[in-house]
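Below: one structure, written as structure tokens.
Chain nomenclature is as follows: A, B, C, D, E, F and G, assigned in order of appearance, with residue numbering initiated at 1 for each chain independently.
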Amino acid sequence: MIKTKFLSNLLLSLIWVAITGAFTVENFLFGFALSFFLLWVSATDRRDNKYFNRIPKLVSFIFFFLYELIKANIQVAYDVITPRHYMEPGIVKIPLDAESDLEITLLANLITLTPGTCSLDVSEDRKVLYVHAMYIKDKEEFISSIKNGFERKLLEITR
Amino acid sequence: MNNPYIVLPVIFQLLTSVLLMFFWYRVNAQRLITIICSIISVGIATWLFKEVYQNGILTMQAGEWQAPFGITFVADLFSTTMVLLTAISGMAVGIFSTGSIRNARLKFGYFPILNFLLMGLHGAFLTGDIFNLYVWFEIIIIASFVLITIGGEKAQIEGAIKYVTMNLLASAIFLTAIAILYGLAGSLNMADLSIQVAEIENRGLVNVVAILFLVGFGIKSAIFPLYFWLPASYHTPPPAISAVFGGLLTKVGVYALLRIFTLIFIPDEFLGNLLIVLACMTILSGGLGAILQVNMRKIFSYLIVCHIGFMLAGLGIYTELAIMGAIFYLIHDIIVKTNLFLASGLIFKLKGTLNIEKLGGLYKKYPKFSLLIAIPLFSLAGIPPLSGFWAKVFLIEGGYKENEWMLIGFIILGSFLTLWVIAKLWSEVFWKDAVDLPKKINVKYFHELKPFKRWAMVIPIILLAGTSLYIGLAAEHIIVLSKQIAAELINPTAYLDAVLGIKSQTP
Amino acid sequence: MSIYDYLYYIILPTLSISILIIFVRFLIGPKLSDRVVALDLLLTTGIGIIAVYSILSDQPAFLDIAMIMALIAFLGTVAFAYYLEKRERND
Amino acid sequence: MKTLIFKTASTYLLPLLVLFSVFILLRGHYLPGGGFVGGLIASIAFVIHSFANGLEQTKNLIKFHPGFLMPVGLCIALISGAAPLFIEQSFMTGLWFENPIPVIGMVGSALFFDAGVYLVVIGVTLTIIFTISETL
Amino acid sequence: MILAILSGFVLAGCTPFISKFIKGKGSLLLPILPFGLFVYFFSFLKEIGEGQTFRFNYDWVPSYGINFGFHLDGLAILFALLITGVGTLVFTYTTSYLKGHHYLDRFYGYLSMFMASMLGLVLSDNIITLFIFWELTSISSFFLIGFNNDDPKSRKSALLALSITGLGGLFLLAGMVLLGYIGGSYQFQELLSQSTFIKEHTSYGWIVGLIFIGAFTKSAQFPFHFWLPGAMKAPTPVSTYLHSATMVKAGIYLLARFTPLLGGSAEWNTTLILVGSITMVYAAIHSVLRIDMKGILAYSTISALGILVFLIGLGTEASLLAAGVFILVHALYKATLFLITGIVDHETGTRDVTVLSGLSKVLMPVAIAAGLAALSNAGAPPFFGFIGKDLIYEATLAYGDWAMVLTIAAVVTNVCLLFAGLLAGVKPFVGSLPSNFTSLHLPHPTMWIPPLILAGLGLVFGLFPSLVEGLIVQPVFSSMVIDGAPVHIKLWHGFNLVLGLSLLTLTLGVILYMIVKPSSSLFSKTLKFEMIAPQTLFEIFGKFFNAFARFWTGLFQNGYLRNYVITILGFLTILLAYRLYQGVNLYIDTKQLTALTIYEVIVALMMIVAIVFTVFSRSRLVAVASLGVMGYTICLIFLFYSAPDLAMTQFSIDTLTVILFVLVIYNLPKYKNFSSKAVRIRDGILSVFFGSLIAILTLEVLSEPLNRETSIFYAESAYLLAKGKNVVNVILVDFRGFDTMVEITVLVIAAIGVFSLLKLRLKSIEKE
Amino acid sequence: MTELLVYILSTSGAVFILLAAVGIVKMPDLYLRISVTTKAATLGIGLILLSAACYFNDTAITARVVAIIIFMLLTAPVGAHMIGRASYFTGVKMWKKSKVDDLKGMYDKKTHKLKSGEENQ
Amino acid sequence: MELILVVIIGLLYASGIYMMLRRSMVKLIIGLILLGNGANMLIFLLGRIVKGKPPIIDSTAKMLTEIYADPVPQALILTAIVISFGLQSFAIILVKRAYKITQTDDLDELNTTDEIYE
């Protein structure tokens, strides 16, 4: 718990330094104090996260995401600029392996951020994610592409 | 002369409010604070008045930024008189409220808001900056919005909708006027504007801006044909609130009119005639409205309108004498109208209604209260030598000097209607036999109150009645004061010198 | 063509035209949701305009407005979503 | 409205936004920003949190009624404004420390004043929005 | 002197605190005050008789030339003695008349207040002070008429009396102020020296007219007379004191007092003669037709007042002398008759002369007094009334071309008055005593002695006119006629036309009394006559006025907010348009304008569309969303035109406003369009017109040069003096920090308001 | 080099935004509009912001740009999710050619709770 | 651009007033907001607009020397915006409360306090 707190604190201080744009020790210390205060104010339960061994996976995930992003964007762009609609849209239920709030949220957001798909909602029991998608050639295939793509890679980082 | 302490009335009022906010749910502590602070406030105002009376105009340049760059506060006789009157009325209403306002309202910020309102009034009187005046006006209206709705009863809300709309409209017009004035003159300091505006070559534009100010302030001071919000709303909140409204709020508009139209825009012939016509119509509308009403507070509300006409008349005639009349009337009216609304609160506590057809028998049952209330009533009616009388003399003579016969006619008409209404009210409420009224379950009658609360309701009325007697009987003091104020207004060189220093010499 | 001209004559008009197109969706609706989505997109595009404008006027400070927009633009969307649900529940 | 996604996002957004609001407050004297905008952003942070997690959660988080910030903020502003009165100078006269402080820059009564504004704006906005949410 | 005048006020002020005392035996001590005053004024009599006058000056409002300046001369002392003398008797009379009355203390309070005011009125040299006392007598009269305030008629009469005298008073005030303004002083003695200047001034007519209205209303002259009969609702001491002997004579006093200052002109004389003669004849005829003793006396009083006005109007030395004497004559006999009426009423419970008769058998001293008074009234020798009547006829006969007409009018009046006097003073006491009155007893001496004294004086002065000639009549005359010849009054002038007229009057009056028997049927017939009486006209006017008030108030205060808004904006628009049209030439300097760019045009276009959309959308949510778009485009414009702070704030506030709206309005009703098409078009035209005016105004201001002094100062000193680089922020927290301070207070208040508006629910059970 | 980067980034950003704009008008139903716009715009704005960062070439500004992008990535999907969900709720119809609708009937009309359909597993 | 802004200002005023003249309370509030925005734009424009030169002193400079936008109107508008926000929130809540009590959005039904007899 203490470590998590410290990490969050550190992270926030760094963000502070970033947004203020003054890379000095004093500024960092000030940001640290400020975020310490904030964390004290907003004590919420955060799971223990092991940051450091996840970094490489994180980097590879980012690239994967960017690739997906651009690919899907082009697909959608084509659909947008051509007069005909090639899409076969629908809402698909995707069972979730992700469990924690953070995992589910990240997954849902990433899905939304890629063109052509959009997470609509998570069921109350957190077991499934409802996704609206533009190109559903085959429902099962679509589900497995998400599960093996985004979800697996994401879980590799967070667990 | 510079004196950083002339803003004390404002700051002390703010301090009081903040202090009261820290005692949010502790109503008795709030009561105590209100009483003590309102007395101190009167002390401060008296001190300021004395200083200015003895030493002449005092100024304060906020942040030590010389005019016209900072916000200047100016305590001349006019503003300090208004501050003093506000403090006195405020004290009366504050003390009255400790006895008359129910705890539920007190737990929702009644006292802090009341003190904010007084702060706004003090600020509006003392500021020498047109935009700052706007923000003070905003304080005043928002505080009055809150006070008029506090408790949220149906009539209150209905009245408030109109009140709020009209006041917001007035604010928008005021802001528009400031925008154009700044666009023309590039300044916000009123003294500086006085000089700048005089130099603008395009007089047509100046006249147009003057119209905007006239209407903006006119709505706030409830002149014809801009007064509608007043009779629609003033009778709806608890009496203590009506008292501060009736006594002080419309007078800020009048103050602003007097200030702006003597300092920045000197009325040309058209505007002067317009003001006269408006004054006549205001007197007429208020008087006619008053004779029809049966609710005591509505009668007083219409009479407010009627008497605003008198003050406007002074400005319309635009001579030192006439303005002196307007000032005298203003001084009298603040004290008396406040008192009458307080008295109506007392009557409500005694009888549980304010409908003059249902009321009756007060003189028989409460002779001392009746005589007490008779003082403000007959002062208002202008029975000489009570306070309402004097101003008329000056206004009438002022009217003669400028050959405003129609205006004199309307002043007579307005005085007559007032007299008639007050006499009728006296006859109905005090003379007529009492009718058995059903006991209202949600009213705590006067005799059921604790002695502290009873005294808290009666003492302010005595105090204000005494003040109005003083104004009437020691009229000399007030006349000398009004004369000096009028002279300062008509010839603002002293004001300009005090604010701008050497700058006013070399425009 | 300098970078300034490029941004001024190509990018900014493109963004402006985008805004106009999005505004059309706002106007035609048909549902409130459509308008809300359009509004959201308008704001987002606005961030782009601000970014370009900050380059043009050489005022990096303008980026802070973009930052504020990015942070709270979605609050409007959230509020409307909130409204839609509430209204649904009350009906 | 308490969806999982929104809730989680809000948990991260809250400290970010508040941090950002302080940043906006502090640099107001040099670049666009200041007490108002800072206060508005901070309160928006809490509003988002309350939308996502429900009002009770947010209230628990703040631990006191946001209305309390109003007199506190007013007090700070008033004191920083009225302090010069004690040395016979006008209200709102700027009093400054001799040397600049790192990060913040010059510290003076104006900064405290702005901080008062910041607190008041938070208190006001939250009081309004929370009260409305409570009485819906 | 000031003490003498104000002592009445002091006593009045004390009454609430010594009420127990007054209600007990203490009332017997009260007449000491008027009596003391009487003695005090009496002590001046000798010197005044010798032609001296006394002046007393006390500062009050020196800066406006208003003071307690008292001037004691013949006219003043006549009235002062009347006031204090009759006052003493009335005070005494009251001790019995209202004995044990629950509100005796109040009664004495008002009475003393009245006495003091009346004294102040007649003694004041300063015309404003005079007016103040004048109004105070009206107010005391209001309280006294309404003394029996359980009776609605009593209240109505009090209101009516106050309306008439109050309105008259206001005109008088206007007249006084005008007079003071023209004459350059409020001091009567100083004005007197300006007499010719004033008379030749163009405003002379106004002055006289205004003062006349004041005097006529107070002294119940036609057509303002009708409040006086109503005022008889007051207890009898009041009728005696105020409404016959003193207050109603205030108008006469005023006219007499102003005669040397304003009199002598054709306007002055003609008006007074006309009004006076109409009043005297009209009221005299009326008095004949009444059956209520008080009614009879009321009308005969009006008639007598008419005579006085008439006499003053004649303006000759003879007529003024007659007036001076008649004031005293009338006071003596009329007061007596009123007091007697009170006794009769008090004892028998009725004042109906058709019922009353034979009372002399039980109320002998009263009957004597009544008889004396009736005879004096009749002008029978050797009563003082005879002298009075003689003087009147002398005056009319000497009045040039109109002598005949005027004399006939005087005779008719006197005949009627004589009849009335007999009816009230003789009829109740002669004849057979009805059985139900046999058990009557003579009241307490304090009641019957005062009328006896008054009536007795009427006889004494008649027998020995020299008693009053030098001491009173001469000084009174000198007050009205400066440099007049010395007067000489006597009972017997020898056989002449005047004597003939007097005898004729007597004979006719007695004959009339023999023939005409008062009856209620006759009286009710006269009531039909009232249809065209001034009172009816006044009431019709009142109704019309009320209807007008209702119309006017309903027209403006009609309850519809949008009508209020449209009135206000219409007013503003008309004025703006007129002023713009009058003084502004439209001119646009295109060189000063900034260039257009596509992104600005698009943003502006969007803004315009958003505004239009906001206005015409049929869903309020869409309107709110459009409002959001509009705010957002404003934000962009702020950004483009170098206002990043504004853009930030506008954006944040805009978002919050949208949230607020959304939170609040989801449960509001359907967003209906209530107005008809015509109304919408009307509103549309007004709005567009107003918008255009603002636009034109803006354009016009834009082409004016702007003074940038302030902005340059800020730009130069923001960093150097205020240590900040964002000038806008420096202005907000430093240069104009006070604004900000106030502004956050506004926010705090708004928040508290929202809090209380939503959370505070007054429980109906909780007591207020 | 920096200039070229600015050209490329700003152009591609503007193009994506334009795409989103066209998309929002052209797409036949609300969900598709959300789908198209949220990301295209996010990407486009991200690119433009990056171009600004390149232009100013200052660490402080770059850091700020990164912060904005992170904020957007955090908020944009949440907004899309919220409005999409609310729209479904209030009965905004899907395009008539849509293939599947797994969400149908899963919302509890009263409590607004969403079932997974797998509660018993 | 000034000309377009002038048109916009006129339009804001006109539409604000038009909305205030409707009978619906919500429209009334919207009208007031429009009017307020109109006034703000008016101050802004009449302070004379300058493109792309915010009144912020460069980090290396000590004062503004070249052409810059007038900071005074900006400060005024800022104050006005914030004040309007306070007033508008209050007005919005007032309308809500009024509706709750009277169950109508129609302003014409809120006229009992103007009646002569009550």
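The criterion applied here is as follows: contacts are C-beta pairs under 8 Å (C-beta built on N, C-alpha and C of every residue); 3 or more make two chains touch, one makes a residue touch a chain.
Predicted model, so just to flag it, every value in this text is computed and none were measured.
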{"item": "Centroid-based (C-alpha) most distant chain relative to chain A", "value": "E"}
{"item": "Most distant chain from chain C by Cα centroid", "value": "E"}
{"item": "Where chain A and chain D are represented by their mean Cα positions, the distance between them in whole Å", "value": "30"}
{"item": "Chain centre separation in whole Å, for chain E relative to chain D (CA means)", "value": "61"}
{"item": "CA centroid of chain E to CA centroid of chain G, Å", "value": "49"}
{"item": "Chain A, residues touching no fewer than two other chains", "value": "15, 19-20, 22, 108-109, 119, 121-122, 126"}
{"item": "Per-residue overlap in chain D, given as positions that touch at least 2 other chains", "value": "1, 3, 5-6, 9, 13, 16, 20, 24, 30-33, 36-37, 41, 44, 47, 67, 70-71, 74, 78, 91-92, 94, 124, 128, 132, 136"}
{"item": "Junction residues of chain C, two or more chains touched", "value": "15, 17, 19, 36, 53, 59, 61-62, 64-65, 67-68, 71-73, 75, 78-82, 85-87"}
{"item": "Contacting chain pairs - touch in the sense defined above", "value": "A-D, A-F, B-D, B-E, B-G, C-D, C-E, C-F, C-G, D-E, D-F, D-G, E-G"}
{"item": "Residues of chain E that touch chain D when the two form their complex", "value": "644-645, 647-649, 652-653, 655-656, 659-660, 663-664, 667, 722-726, 728-730, 732-734, 737-738, 740-741, 744-745, 747-748, 750-752, 754-755, 758-759"}
{"item": "Residues of chain E touching chain C in the complex", "value": "597-599, 602-603, 605-606, 609, 613, 619, 621-622, 625-626, 628-629, 632, 635-636, 639-640, 644, 647-648, 651-652, 655, 658-659, 662-663, 666-667"}
{"item": "Complex contact set, residues of chain D against chain E", "value": "24, 28-37, 40-41, 43-44, 47, 67, 70-71, 73-74, 77-78, 81, 91-92, 94, 96, 106, 108, 110-111, 113-114, 116-117, 120-121, 123-125, 127-129, 131-136"}
{"item": "Chain F residues touching chain A - in the complex, by the definition given at the top", "value": "16, 19, 22-23, 26-29, 31-32, 34-36, 38-40, 42-43, 58-61, 63-64, 66-67, 73-74, 76-78, 80-81, 84-85, 88, 94-95, 97-104, 106, 113-119, 121"}
{"item": "Contacting residues of chain C [partner chain D, same complex]", "value": "61-62, 64-65, 67-68, 71-72, 75, 78-79, 81-82, 85-86"}
